[in-house]
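Note that the chains take the letters A, B, C, D and E in the order they are written out, and that residue 1 is the start of every chain.
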Amino acid sequence: MEIKWYIGLAVALFCTGIIGVLTRRNSIVIFMCIELMLNAVNLLLVAFSKMHAASALGQSMPSVVSDAQIFVFFIMVVAAAEVSVGLAIIVMLYRNTHSVDVNFLNRLKN
Amino acid sequence: MNNVLQMAWLIPVLPLIGFLITGLGRKQLSRSMSGFIGSGTVFLSFLISIYVFYNVKGGNTHVAHYFDFINIPALKIGFDLQIDQLSSVFLLIITGVGFLIHVYSTSYMKAEAPKDFAKYFAFLNLFVFSMLLLVLGANYVIMFMGWEGVGLCSYLLIGYWFKNTSYNVAAKKAFIMNRIGDLGFLLAVFWLISKLGTADYHEVFTSVSKLTATDITGISLLLFVGAMGKSAQIPLYTWLPDAMAGPTPVSALIHAATMVTAGIYMIARSNLLYTMAPVTQGVVAIVGLATAILAATIALKQNDIKKVLAYSTVSQLGYMFLALGVGAYTGAVFHVMTHAFFKALLFLGAGSVIHAMSGEQDIRNMGGLKKYMNITHITFLLACLAIAGMPPFSGFFSKDEILAGAFERSPLLWGVGVAGAVMTAFYMFRLYAMTFLGKFRGTAEQEHHLHESPKAITVPLIMLAILSVIGGWIGIPEIFMHGGHRLEAFLAPVFAQSNALTEKHHLSHTTEYMLMGISVLAALVALLYAWSKFSKYQRTDTEDTGLAKVLANKWYVDELYDSIIVMPVQSLARFFSNVVEKKGIDGFVNGIGKAVNYSSRQIRLIQTGQVGTYILLMVLGILVFFIVQLFL
Amino acid sequence: MEGLMSITEILFWCLSILAMVSAILVVASKSPVHSILFLIVVFFAISGHYILLNAQFLAIVNIIVYAGAIMVLFLFVVMLMNLNAESEPKKNRILQFSGLISGGCLFLVLIAAVTKSTQATNLVHMGGGNAGLIKNLGMVLFKDYVIPFEISSILFLSAMIGAVVIGKKEK
Amino acid sequence: MNAILFTAIWGVVMMLGGAFIKSKTTPKYLAIFGLILIIIFNGLELSSGTPLLMVDVKNMLVLNSFNLTFINVALGCTLLYFLLNGRDIEKVGEHVSEYFALIFFVLCGITIISAFNTLLMLFIGIEIVSIPLYILTGSDKRNLKSNEAALKYFLMGAFSTGLMLLGIAFLYGGSETGSFFIGNIISGNEEMPAMIAIGLVLLLISMSFKVSAAPFHFWTPDVYDGAPAVFTSFMATIVKAAAFFAFARLFENAFGNMHQQWQMLIVILIAATLLIGNLTAVFQQSVKRMLAYSSIAQAGFMLFALFALNNMAKEGLVLYAAAYSLASIGIFAILIKMKDYTIDGFNGLAKQQPVLAITATVFLLSLTGIPLTAGFQSKFYMLLAAVQNGHHIWLVILAVLCAAISAYYYFRIIQAVYFKESAETEILVEYITPSFKIVLVITALLIIVLGMFPYFLTNWLYY
Amino acid sequence: MDPKNIWITFPELLTWFPLVAGLAAFAIRKEKTVKAWALLSAIITLAISVVSLVYADNTKYFYLNNVSYFWLKYLGSNFTLGLDGMGQLLTALTAVSFPVIFIATQKTGYKNANVFYGLMLLTQAGLMGVFAAKDVLVFYFFWELAVIPAYFLCSRWGGEKRIQATFKFFLYTFTGSLLMLVGIIYVYMHTNATPYAEHSFGMNAFYSAILSTTEQNWLFCLFFIAFAIKMPVFPFHTWQPDTYEQAPAATTMVLSGVMVKMGVFAVIRWILPVFPDAVNKFDHIVIGLSVTGMIYASLIAIKQDDLKRFVAWSSIAHIGLMCAAIFTTGQIGLQGVMIQMFSHGINIIGMWIVVDLIEKQAGTRKISELGGIAHKVPSLTIFLVIIALANIALPLTNAFVGEFMMFSGLFKFSVLYTAVAGLSIILAAVYTLNMVQKVFYGEVNSITEKMQEISLGQKMVLSVLLIFIFLFGVYPQPLFDLTKDTVVTLLTRFK
């Protein structure tokens, strides 16, 4: 399997996420789209790691492969933390405004 | 160094001291004190001048170096005074006539408050100082100092009665017109410096060979421009008649005897340059002649006693320039001298008349004064004869010499010159007749305190009268008496270089006699005609018409200048300050500020406050970056 | 061998299509709840990919952490706010459209750039390889990556404080 | 190393303290005390070169005199920040010690991102910095502006994180060595492969987002404006400086040897940032928001460090960080005391509070870059670096013109302070303690001293 | 003289003393005391500068007039101060002008006078530093140090429109100096190494910097704009009339009397030697601008109705001539500039003093509203007339020497420019006499009715100025001897 397919898939997912961010107004959904982006990245990293595994480099020093997967692990960790904070913020917002619409609030402008 | 002429600095410094005393102490000094100091200092320098004169006569000329004015590698200008034949003659005229006029003033200005009186004398002394500096300076820079100094003094003295706005305007006009001339003078000096690296007479005249013809022509022309301003020649003559706003003695001293002749002095001083620049000579001659005629014509129709004299001064100055133009430098200086005498006399006489008429200056309201003020009348008459060029009065000799010189150059010049002389005779005697002959036309109470002026006035009159009678005898033409022209002999060294360049083809005696005869006769006729016509002049309020009107309005020259120079400058200034400055430059500068503000107001609208927009813009940014990085 | 390869290929494509489609549905579907569900599907698909790539550890973590924990959290929140299709007002068309376009452009640009590069055709080592096995990763994590591991705890601490500071009701 | 550990530890201490300490004022003193300790430890490490406790970081962090100096600057500024704003932090909400804890965590993150050596550390560090900031931004719960700011900040921050990760992924994939160590991502300075390029651009973008460089600055004004002023002051100064430091560190070590190939991007960034920042600031009426924009403008200047990427630039960056942080902290501290955040709120301050007035003037002059202030020296170093680099002199000229524009809005405040009159009756500022004034004066003096003798600071870099 | 046993040098004294005195002044609360203090320190400074003039000869007393210690060692910038002829001249001018100004404005009261006088003295320090700096960076520092206090002075104690006007002034100069800064840095990058740094900000290093012609050209522009704004040269002058009009009298005197010279000085010190080729390239443009400016300003001066604006415009006209003369790069012209810098300072300060006295007494500056002052206050009239005439360069006054030489230098350079510029001589007479006539002559009116004789102190100050005017009008040689060497060495770069 050539790496470009994986790249294509990952980038496609990523861009889908971006498009979601751009087109939706519901902050939760936007947030989910961001999660989607992160997952695309994860996939890409893993794919790359296996690509390196296939290369001579990977044979000589396997740490190259595991590094990426560890990285993915950390990404997940961070994502988890982020989610908790993000949702907390959204909930707070909802408490005050009874809306999760990102455009509902724009007191801050210009 | 131990040359006796080393102490020439006293001559100008004495009046300066007088100026300082009277000027600073004007609150304390009484009239008589300041009068005394004023005239005294001048008298002292007069004595010294005489002494100097005899020294010079003994063949001892000298350039006294006192200190460096400017001394840098590229340029050296010393504070030097030059005492030679030319300057010594002028010294005598200035201090002598100056002294008389000071004395005259002590009485004439009696009416003034003590401190104004003192101020008057301070100015007068300052003038004498500047004038002396002018003639004594050994280089053009020092001369220029005096040159502008006298301009300043004339400004101050014309505007002496500064409450009266029209007087101030006149003063301003005088100063500015002088400045125009001064610019020419300055440019000439710069030219000299840039070409020769010096402004010293001696060095300039010795190294004149380094100059190209154009240089010389240019320099001499520019100098002449300076002379135009100072000596009231076309086109810069209009200030002189207005300058009559000043007190009469001032008019006598500054605007008749001395300052206005500075131009002549300057050209005589740099005669070599002129002799080497025929073009300029032509210009000088023509301008001089033109001025002489124009002024004379105007003088024909003036009714203000001083105005008439003013215009006659202008025209006489024209004669002097004619002389210079035709290379008769001695003649010019000679005429300066005689003119100084009789014109000063005329003015002082006029002053005495005005004094008697308690301020009245219009000759139409005078007449028949001869039975009230005898001395004035006599002296005035003598002066008129002198200026009209009647032999053996001084004017005759000088004017004759000029005309002769003119004839040598071209008969045409001579012809016009004679015409001018005729007019002179005419208007002078018109003036004389209307003032002294006939019956009195003034008001009753004017008549009732008509009186002869006091000693302090009459004595100078008499002195000057004598001078204007005999003053000419130092310059008797060869044909009358061999070696009669002592002045020429005396001045010869000054003009030696020029004379060397011009070969003298002498007129035959017969022609000379003829010329004299013609001019004198013509003048005499005009004189008699005027005498008869105006001796029983009656006031008629008929409007002048045609040429007469034009003459009465001085050919509308002032109006002309107003419309072609003053108005445009004013409007240009207005345009600059209102349009170019406000709208243009400052507008542009403020425009930048406005632009910043405007763009700020616009740009901040990008900040819509909506996350969607922000991220969209970010994504666009990302696209741009990718394209720049990957595909460019 | 041939067959095996082809099977993985087939699986790859199936998973990819599944992932893409559900990803698009995440974005497209009106109701947040649906989006969440579709997102879970995406995650499963990606986990499938991990398995294909023999990254078992990540596959599991992905299922547990993401699909399990995070998404459930999302679900809770959405339910809590009982948001439904109508709750989201329409976004103005131009913005949506331009969003779509620019996203697409980004995709194209990236792809174009990648295809330009020589590395695009490198082969990926499907199956095999034991780097992704839990044991090995565990070793690496606690040997080489102990520092970041510890440090990330700070992350959680601050997240926790955040939850307190923001979530706690003011008195 | 000390700094990282102790900030983390002290963060925990503060957190637990929150559970036990009821008094509102105690946490402040606790925090200040802890911070002083940390500074001392870090200072020791800087001077002795050996940390208090050795930890094998597997070369994931590198602590040389350079970044230790920077860390010390950051910590020192934070100390001043505490001293000046302690009371105001107490005013924000009831979780005082939690706020301090978060700030300590941020500091921890700052130390990490100024010492990172692998992309992983960079990533984690940045997250450790960001997440507490999201919270602090939203900490004024009742205030909708604060909420809004928090949401915006969070969403956009997360987005940029995504970009960054994609970038990292591409770098990993594209690099020959397949390593996350910034030193050996690329080898040699050949034409960089496409994937590396993608990764570079994405990293560049996400970093420019963090340092709020146009056109990725949009979050800045809103967040700075919405967040509680105290925390704005912290975010806008120390955090931003740290982000810059990380930015420079990353790009110098990772991509330094192919500088020419991406310099153009920096040029665009600088131009855009300078223009947008300055121009937009001109029209602002609220000083708080104006300062937000001005911080963008200042970022434009700091970017010259990446433009030049030479020693002068590194010195300049540290100097700039110090100068800019000091001045901004000071001016924010004064702003927070004001009743009215608009420019007119400052009218006639000089009469009522001469000390505040004079110090404010010093801070503003420094921000403008008037000689004899640290602000000038830092700008001067940046320009030196840029000119030394030799390319795009026009950019330098643009920069100084923008500096002139910046004078325009900074001096509006000075004018208000000195030359405008306030209604005599109204009191412009709430109560001010003498100690506050003293600290202000100290800050001002620091600025002036740095302005005259910048080498007091820069010499440490080569300690 | 052995440098070891010199513990302080004149440039240091001249710079630090006003600085310290200024800082001290802030602490003095009582108005009378602070005034006395300021005056005292100004006089001491004057004394110092007089002494330094005695030791002006750098061949003998080099170590008394030059000092240098390490500053930004590793940037190659040392804190170098030195007084050459030109420096001596201008520090002397600064030293003279401040006591004069203080005495002349003694009567004026200020709220928080301590700040006012403190800032004034700081300005003085800045000016001194500018004139003494032998290191570009030091120069730049003092350049700003001089401007900032001036800015505060103007916008704190000025007229109604002061804030905008002076802010304009500030932005103008600030922009200029920033551009110059870029230029400085660029040149710096082309200087030779020093023991501690690879480049140097030292003056000599700058003089020997290697720059291609194109580089010189645009660097010249950067520098010249900064200085042109300060001088100011048409068309960078628009800040000046407003600022002079709005600024408090004392500050205006400093601005126009001394600070304007900063620009002229800087051109001579930093542009001519560093960019000789560019100077030769741009001379026609610059001189053209200056000459245009002279005529332009003179014409506008004719139309001014506000005394202060009137003086401002006339000043612009005169500065134009100086700028033109500099770029003739001829000995005569430059010597003219040297002496004119001093003379113009004296004269313009005199003008301002008189204007200020009139405003204080009559309560208006409108020329059209005044008149007949000559009756009420003859002494004032005399002073003004003399100063005004000196201002339009009447012979035997100081300005004549300068203008004479500058014009003849210009003539050497180009006849055309001289002829055009010469018109300004006439125009100067026109506007000056207009003003004198309208303000001083004519009938007394209701406004001038209430004016009284000026105080003895003011008389004395003005008399001092008159002494300067006439002394250097008759015997300017000392000034030439002072500055000769500066000019000669400068011109060696234009062989």
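Simple rule for what comes next: contacts are C-beta pairs under 8 Å (C-beta built on N, C-alpha and C of every residue); 3 or more make two chains touch, one makes a residue touch a chain.
Predicted model, so just to flag it, every value in this text is computed and none were measured.
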Hey, how far apart are subunit C and subunit D in touch steps, shortest way? 1
So which chain is the furthest away from subunit B, centre to centre on CA atoms? C
Of the chains shown, whose Cα mean is nearest the mean of all protein Cα atoms? E
Could you find the two chains linked by the most C-beta contact pairs? A-C
Distance between subunit C and subunit E based on Cα centroids, please, to the nearest Å. 72
Between subunit A and subunit D, what is the separation of their C-alpha centroids in Å? 27
Whole-Å distance, subunit A centre to subunit C centre, using C-alpha means? 6
Just how far, in Å, is the C-alpha centre of subunit D from the one of subunit B? 78
Got the subunit D residues that touch at least 2 other chains? 120, 124, 127, 131, 134-135, 138, 141-142, 150-152, 155, 159, 173, 194, 197-198, 221-222, 408
Which subunit A residues reach two or more other chains? 3, 7, 17-18, 21-22, 25, 30-31, 47, 49, 51, 55, 58, 67, 70, 74, 78, 81-82, 85, 89-90, 92, 102-103, 106-109
By the touch rule stated above, which residues of subunit B touch at least two different other chains? 604, 607, 609, 611-613, 615-616, 619-620, 622, 626, 630
Okay, what are all the chain pairs that touch? A-B, A-C, A-D, B-C, B-D, B-E, C-D, D-E
Touching residues of subunit B toward subunit E in the complex: what are they? 67-75, 79, 141, 144-145, 147-149, 152, 155, 159, 162-163, 165, 168-169, 172, 175-176, 179-180, 182-183, 186-187, 189-191, 193-194, 569-570, 572-574, 576-577, 580-581, 585-586, 589
Of subunit C, residues touching subunit A in the complex: 8-9, 12, 16, 19-20, 23-24, 26-27, 32, 35-36, 39, 42-43, 46, 49-50, 53-55, 57-58, 61-62, 65-66, 69-70, 73-74, 77-78, 80-81, 83, 87-89, 91, 95-96, 98-100, 102-104, 106-107, 110-111, 114-115, 119-126, 129, 131-132, 136-137, 140-141, 144-145, 148, 152, 155-156, 158-160, 162-163, 166-167
Going by the contact rule set out above, which residues of subunit B touch subunit C in the complex? 612-613, 616, 619-620, 622-623, 626-627, 630
Spell out the residues on subunit C that touch subunit D in their complex, using ranges where they run on. 110, 113-114, 116-119, 144-145, 147-148, 151-152, 154-155, 157-159, 161-162, 164-166, 168, 170-171
Any idea which subunit A residues touch subunit D in the complex? 3, 7, 10, 14, 17, 21, 27, 30-31, 34, 37-38, 40-41, 44-45, 47-49, 51-52, 55, 57-58, 64, 67-68, 70-71, 74-75, 78, 81-82, 85-86, 89-90, 92-93, 96-97, 102, 105-109
